[in-house]
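What follows is a structure written as structure tokens; I'll ask about it next.
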Amino acid sequence: MDAIKQFFERDHFAQRAGIRLLEVAPGRATAQMLVGPEHWNGIEGAHGGALFTLADFAFAAAANSHGTVAVAINASIAFVKSVQNGLVRADAREVARSFKVGTYQVELRDETGDLVAVFQGMVYRKRDALPGLPPAAS
Amino acid sequence: MDAIKQFFERDHFAQRAGIRLLEVAPGRATAQMLVGPEHWNGIEGAHGGALFTLADFAFAAAANSHGTVAVAINASIAFVKSVQNGLVRADAREVARSFKVGTYQVELRDETGDLVAVFQGMVYRKRDALPGLPPAAS
Amino acid sequence: MDAIKQFFERDHFAQRAGIRLLEVAPGRATAQMLVGPEHWNGIEGAHGGALFTLADFAFAAAANSHGTVAVAINASIAFVKSVQNGLVRADAREVARSFKVGTYQVELRDETGDLVAVFQGMVYRKRDALPGLPPAAS
Amino acid sequence: MDAIKQFFERDHFAQRAGIRLLEVAPGRATAQMLVGPEHWNGIEGAHGGALFTLADFAFAAAANSHGTVAVAINASIAFVKSVQNGLVRADAREVARSFKVGTYQVELRDETGDLVAVFQGMVYRKRDALPGLPPAAS
């Protein structure tokens, strides 16, 4: 899993947004983002794009956790609570996976444990190993 | 519309991602982002979060174009072509609007005019005027 | 909850599809459908529309379980396993609820417990009591 | 296109809902449903499941219009106007198509031309010809 963590450290956009991958295991991943003014939209709450990026990052880590490249084909997000400051944590889990397609759900929660957003995403799974990893079986 | 443009210039997260609002009119908005390495994910393509942020920004501008605050409640995006470099343009249009809810579609296209992603979002419409704007009728 | 059950027995389209409401409690509902040839599409599997209808029905029951009218504004569904025959069960749960909006997730599972589809829906909440019910507090 | 029309006439669930395929051409399809009491939910409007089924049917016809089997993997729908009676028409168009995946948008409109719902769906494309059709090239 360390190689997968290293792979996600090369994710420039997530790095710039201050997103950190905490944990990755087969079919699961956890990430966090410390929300502050740099994530705000015009009404001083975390931008939907920032929250989506956090969810998408955890989703990608979970989907690539089997060692082969998985490419996001679509995603939907429901925003249920606004956040202004503080840690937001994203927990992604694999809901279903076939040879070619995988489905994932992500929950975003704030420091008090309240749900901030729910995310659902789907990937197309390639046979290629992740860059920097040996070819995988699954 | 200038006041609305100014309002969106206070959007820190979009500013940091290099997103510019080109045009806003009632129920419509156009924005663009010059994609480069700072937008890349681990496989050197524009991050889904960066493309979502661009779409979400154009969506928010179109939804707030009537002068009252509109808050995104959910959104879905389908990614159809990857982008590595160059301008991506987002065109948002209002598909339906009632007193309380609005529905918007956004198309993202690359420099060659190819579709990069399609986005659909919904807002909950408040009665409050946008910060810095006089109270609105609609 | 009996009045809510009776209300859902007036749902013609769900009745005609053979859908039964098994249980409803505040923020939750369970329904089932016995899939057979009448639910098939052209390749002899349960039609996406039939599975969506089952999920949507459980979602509506959960969303109306507080006694006031809740109107679906959007929904998304991911299909993960095809079904040809047998019981499919839908479990809906409330993920978040504010004064005006509610978010729900539904899981569809076949007789072996395998996931068939995951559904996410959002309602706009009115103040009106459900037809046939006294005005509610929540 | 006649063979494709015949194929969709074997769609039991859509037949039972009174859905008719009006037209199919490469990447496009039009269908209609005459909404009446048999399509109602408990508040006497067309059931979300009935509207979804109509949209999904037009989507499937457009996605299978190239002669090979395309299987829906997910879909989202936004409901923007309720309908009680009368014709609802669904126009589906292909937004993007690669070797393996296709993306489609569907608009549902009532007899006055008002938008009833917008739908977006994605298919996984197999190599198999549609049952009853010769193997296809695309």
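Order of writing sets the labels: A, B, C and D. Residues in every chain begin at 1.
Everything below uses one rule, namely that a contact is a pair of C-beta atoms (placed from the backbone, for glycine too) under 8 Å apart; a residue touches a chain by one contact, two chains touch by 3 or more.
All of these numbers come straight from a predicted model, not from anything done at the bench.
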{"item": "Interface residue identity across copies chain A, chain D - same or different by half", "value": "same"}
{"item": "Distance-maximising chain from chain A - centres being C-alpha averages", "value": "D"}
{"item": "Separation of chain A from chain D, taking each centre as the mean of its C-alpha atoms, in whole Å", "value": "32"}
{"item": "Mean-CA-position distance for chain C and chain A (Å)", "value": "28"}
{"item": "Of all residues in chain C, the ones touching two or more other chains", "value": "73-74, 76, 78, 122"}
{"item": "In the complex with chain C, residue positions of chain A that touch it", "value": "76, 78, 80-81, 95-96, 98, 103, 105, 115, 118, 120, 122"}
{"item": "Partner chain B, residues of chain C touching it in the complex", "value": "73-74, 76, 100-101, 122, 124"}
{"item": "Complex contact set, residues of chain D against chain C", "value": "7-8, 10-14, 16-17, 37-43, 46-50, 52-54, 56-57, 60, 69, 71-79, 82, 130-131"}
